[in-house]
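In what follows, subunit A forms one complex with subunit B and a second complex with subunit C.
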Partner chain A sequence: MLNTASETSSTIRVASRWFGFSRWRGAGTAVVRWLGSVALTLFGLVLVTFAMTRLSPVDPVLQLVGDHASASTYAAARLELGLDRPLAVQFGRYLVRVGHGDLGQASSTGQPVAADIARTFSATLELATVAIVIGAASGLALGIIAAMRSGGIIDAAARIVSLVGYSIPIFWLGLLFLLLFYARLHWAPGPGRLDVLYQYTLRPVTGFALIDTALSGTAGAFRSAVAHLVLPALVLALYALAGITRLSRGAVLEQLGQEYVLTARAKGAGPWRVVFVHVLPNVTGPLLTIVALAYASLLEGAVLTETVFAWPGIGRYLTVALFAGDTAAILGATLTIGSAFILLNSLTDLAVARTGRGRDR
Partner chain B sequence: MSVSSSLSRSPDRHGSLAALRRMGLTVALMSAVAAAVLMPGGAARAATPPGVLVVAQSIDDAVSFDPAEGFELTTVQTFNNVYQRLVQSNRDDGTRIEPALAASWQPAADGKSLTFTLAPGARFASGHPVRPEDVIFSLTRAVKLNKAPAFILNELGWSADNVDQAVTRVDDNHVKIAWSADVGPAFALAILTAPIASIVDEAAVTPQASGGDFGNAWLKSHSAGSGAFTITTYAPHEALVLDANASAPGGAPKLHSVILRNVPDSAARRLLIEQGDADIARGLGSDQIAALKGEAGVKVLAVPSARTDYLLINTKANATLGNPAFWEAARYLIDYQGIATNLLGGQAQVHQAFLPVGFPGALKDTPFKLDIAKARKILADAKIGPTTIAFPVFNEAPFLQIAQSLQATFAQAGLTLDIQPGVASDIYAKGRSGNYAITLRYWIPDYFDPHSNASAFAINRDNSHNTVARQAGWVIPELSDETAAAVKEQDPAKRTALYEALQHKIQARSPYVFMLQGSEQVVLRDGLKGYAQGLNSDQVYYDQVEK
Partner chain C sequence: MTDVLLRVEALTVAAGAATLVGGISFTVGREKLAIVGESGSGKSLTARAIIGLLPPGVRRTGGRIALGDRILTTTGWQGVRGRRIGFVPQDPKYALNPAHRIGRQVEEALVLHSRLSAGERRERALDMLHRVGFPDPQRAYRAYPGEVSGGMGQRAMIAAMVIAGPDLLIADEPTSALDHALRDQILDLLGGLTDDTGMGLVLISHDLRQVARFADRVLVMQRGILVDRLDAGALAQAGHPYTRALWRAHPSAASYGTRLPEAIEETLQP
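Now for the complex of A and B:
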């Protein structure tokens, strides 16, 4: 992750020069260039994913019709899935459809892929956002304090927490959380997104349980949505926190050894002032990048967490589709995740370019 | 029936040496926390809302809730609750056929058609009356759509070209069903108990049809039936919500809704049922069931299932596998009892014939047991030496565990089984193309008649139809004739005798080794009453359930 982070920050430096965000001149060209590179990246992503679904041993037709089906049923289903045509034609048709905004029909759910993704991605987005807010806030705080008190008790605690976050299998931790907080202590509700009492009576408006329940005006429903989010969000937050703590501690520690810090101290700045006024502005770029990367990896959908907590997110959707050889669903989900990734990266680049100029250097 | 596969992505994010060093600490930490958590206690505190039945299971397999298409466990288990057929299998004794939407029926003198009198006053959940047109629409669309279960109706000789002539209106409350296949009315009735013969509401479906799909796209996630419930919400991989149909011809159900919640992880399902957040849990492992037995608040219901597990041998793979001596030796190289008791703990019984117990004529005797010496002698007499055999197996429990048991016992006779785990559709594809040596399979009857199994295992005249016998490359014109004679036979006692004879022949000599019959274990909350589940996979009934 360290390597990726430093690579990304160098990309960011290149990108900020390239985009020239500080000037309006050339902004139009920059946007066109950006869109071009996004389109190229997504095309490559779809091409590779498509090729991989064709290399997989899964037979999408048999997965759909089962082994008892007659030969004519098999042939009809194959025709319906368009698998009788040459690969290049299949791929071309898919691109044309996507160009028209149609992600196709998912054979594994019988529903339009766009509808499936709208439902599953909002579930993942909600969980990932809450998790990254918790993970980033606590991870940055822990990392910064650990750097300031390097070798102290908090540093040791930070080390243990990030070690635990890194090393414990996430599904095991999820089950353990359920066992402890749900089954034994009864502090948290069980797996799922909402109590059954509300889940199928509230009309989904935005697809985000927190917003929909808040809009419904039913206090119990909102409480239930929050309560159901806590455990899976904590599990994912711990995973995000592990990386964020380590990298932010490293970044701050590195700066604390710089000469400008010595100068600031010589001028009489206290340790908190040194960190918050002098050091932090210099590490905003790397810190933003670290958090964005952690967020992006959560947006892929944490399939194991989603499985354990019966969270109907995009990670499980993609995984089930992979095993069903459901090409339309696999490509649709990959495109969505890829787009989210690119968008997040670009936003981070933009933010870093705007805030990345060091104060003291 | 297609199988949904669950999977786990490796949680290990980095394999550095540092990770190894950390392992000691982590393991210690994990055991400490686990010990704290696993202390006894933690009684149930939650309860599901009154009148609402919450079922925790996996619904990831569901493809379509259109009875003309749905052929997965989740969907077929729903059809009896949402739709009715003209006739239905009795819940306790599936061989008994009872009136449902048809009040009575009359076979023609030539035994090639049946005239049904529709139940007076029967209505769909929409309020529309049940008419002969609905029967015609339902059966003809199922044949013309030609989806996964269509082959069941094809058994009557129906095809897209002739089904319009086969199902005809007599008058306002009579409909005539005729068939060209050489089968009798008893068999035709059995076919009409299959989920694909469900009657859908033509007047409700036709306005939803598009592009000549007979409403298939709409019915994938909606219902238009006369059963005890209707589908109100279906969110794939999330939940299926059924609401009571107060005007159901069979009487209004006692619940006002049923929620099938997708809980993909079986450990999470166990927690939900223990805590009372689910009323029914399905698909728990035998170890989880063992842990729940005797626990307060829950009871385990063991329901015999019509599923049979067998070893399939590809006779065309090589000379050894085509040798009947190998088939015979294989019968003595399986630790039947050990697998049933130790590996499957109550989720299967030893069973060695192609008809499951509960079907008329099923053989209950188990002539084979693990006997390495006898198998060795058979192999030696046939001059079959040590050899390696490719063994593709479903990459999931309990198939891999059974495969490992076979690997251990076959090895004692010099036969090395090369287990090749794969996803279900890949294994099926290998079976169809003959690209395997031996494999583990299971069979679930598609309708409640011995022919469902006999036609799979004992018909293959010339490798032209996709039967299990064809997948084994086993050409059996004589047995095929006997199977055809059995399905034609009108006298029930004679028919049963024919199936017994067929099973004896296949038990003694065939490229199949039948090993087990399944038993389903369903966990219910204590207070639950009226839940019924039958032998066949579609026989799940929520209409009488009370909390």
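Now for the complex of A and C:
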């Protein structure tokens, strides 16, 4: 008994040390508090989505049985759905179903919502991840160099690029890209996620086109997946880059004016060493937050971009469900997007706490 | 005091059209030289010009600075900063990097200017931390700046600047951010290191009593020019009216933030 307790506590200690709570005292409670806050936020999200079903004008019974059903059929269905029970009981059942991964049946596709979302969300996740990798890498590089050469040509270029990224509607840019690279130059394939040739033969293993095509071993399939991804990923990357460049430039520039930078230069450190060794460790927190927020906004599903590029992602799925009044699909998609947002932000908070360990007093 | 380490000739520093340091000349040997003056007298800018770290918008516009037989231009600081000249800034709270452990900051000059292995660097850093007065160097080595007091932070700063064995150490008001009780300790440390290593020390200060006790020679600056130079021991009997006024103007809580008294205004008349 005593033994297991100490083993558990040592596991927590190792885990908590990794998460950056360097002092043992309070480390376990910090992890528990983090898990608790994530759980509580997720619970709140489920509560809100449940409330949406009550507030929405769509009658779930009518949606199931159709307009011409008899009164007795209607009553039976209502009983079947448990809509005669008190709200608290209905919410409890909803919670249990969601907990089991059952999000109901989508009337617009005739498929279980969970299956639809697994398919569409992985498409969005793939696009958003590629876009954020490109956007964050180039945005951080541009922002940092702009800060180092503030007032110079690169700084001016960075300002123009982020202004463009901010102010031009990205779906319009997507249309322009398609017009130029697909219609005129024939460099890129058209909309969609894969060539029709591979679209129906590909066995979905992971749900990520890049990985599945690579696994399939079919020549050309992987190249097709990459080619289809390039344009939408670049458009979304430009959108992410706009904010990342501007904010990272500001964060680095502010640090360059700090006294410790003068000290580093007095020791003989050159400009690159000053930025990468001295300044960056002091701005990892803000930079991580900037990138995570951009990633989260991409994960919400760039509805218009997905529509322009006929990308079968969750943004487009949600839009179609909205127009069809498909309550189960809307709820499932909202819940998924919300959960992704909460998880990403909580993980970022944890990572930021880890980078600041031991020094902030 | 026999050999000249640093020779400054007709140094001018300006921000745009405004001349902030107007052609000053002096030499520094193996000694403790203090530069004193009011705020805005150009004493800090003189110090920063020597190591080439003037604030943005301020430039060295003329003069010649020679460190031994090396002429210091406004570019090309390779092997000078951190290696031959050290610089101790005012406030350790801001001048130490909050994200790096103290050991790493003390070692940095060795990383940049020596071929020592990591183990040798660590050994030298621990030794240096011990010399500047850390009772437990191992612990200080691992600590972050936020975990030590201001006085200990300044000791770590001095360790970081002296570890590479510079010929010259410039200390820009190194004690003005510290409690009164700590000031003498830090000065004693600087003086002891100067004597032990045979380097030259340039101390920028506005506290003449402190300087009289500590330094060998004193340069007095006013409005960007040198108005007086004398031995530190002669400060109490200074002949120059501005130096006398500075000596008499004993800073106190009551006079904080006010200009120096009328005696100084007299000397401003041409």
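Note that the second predicted complex is superposed on the first by the 268 of 361 C-alpha atoms of A that agree within 3 Å, B and C clash if a C-alpha of one lies under 4 Å from a C-alpha of the other, contacts with A are read in each partner's own complex, and residues count from 1 in each chain.
Note that contacts are C-beta pairs under 8 Å (C-beta built on N, C-alpha and C of every residue); 3 or more make two chains touch, one makes a residue touch a chain.
This structure is a prediction, so every number in the text was calculated from the model and none was measured.
Q: Regarding the shared-chain residue A:Leu262, is it in contact with subunit B (first), subunit C (second), both, or neither?
A: Second partner only, subunit C.
Q: For A:Tyr166, using the defined touch cut-off, is the partner it touches subunit B, subunit C, both, or neither? Pick first, second, both or neither.
A: first
Q: Looking at the overlay, does A:Leu176 come into contact with subunit B only (first), subunit C only (second), both, or neither?
A: In the superposition, A:Leu176 contacts subunit B only.
Q: Report for A:Asn282: first if it touches subunit B alone, second if subunit C alone, otherwise both or neither.
A: Touch partner of A:Asn282: subunit C, not subunit B.
Q: Mind working out whether A:His186 is in touch with subunit B, subunit C, both or neither, as first, second, both or neither?
A: Touch partner of A:His186: subunit B, not subunit C.
Q: Now for A:Val303: first (subunit B), second (subunit C), both, or neither, which partner does it touch?
A: Touch partner of A:Val303: subunit B, not subunit C.
Q: Any idea which subunit B residues touch subunit A in the complex?
A: Residue list for subunit B touching subunit A: 1-2, 4-9, 11-14, 19, 22-23, 25-26, 29-30, 33-34, 36-39, 41-42, 45-46, 48-49, 52, 54, 60, 62-64, 71-72, 146-151, 154, 217, 220-221, 232-233, 235-239, 241, 259, 261-265, 267-268, 271-272, 274-275, 277, 422-426, 428-429, 431-432, 446, 456, 465-466.
Q: Where on subunit A does subunit B make contact in their complex?
A: Against subunit B, subunit A makes touches at 57-73, 76-77, 106-111, 116, 119-120, 163-164, 166-172, 175-176, 178-180, 182-184, 186, 189-192, 196-197, 199-200, 303-304, 307-310, 312, 316-317, 319-320, 323-325.
Q: Show which residues of subunit A lie in contact with subunit C when the two form their complex.
A: Spelled out, the residues of subunit A in touch with subunit C are 258-260, 262-269, 273, 278, 281-282, 358-361.
Q: Of all residues in subunit C, which touch subunit A in the complex?
A: 51, 53, 77-83, 86-87, 89, 91, 94-100, 108-109, 112-113, 144-147, 157, 160-161
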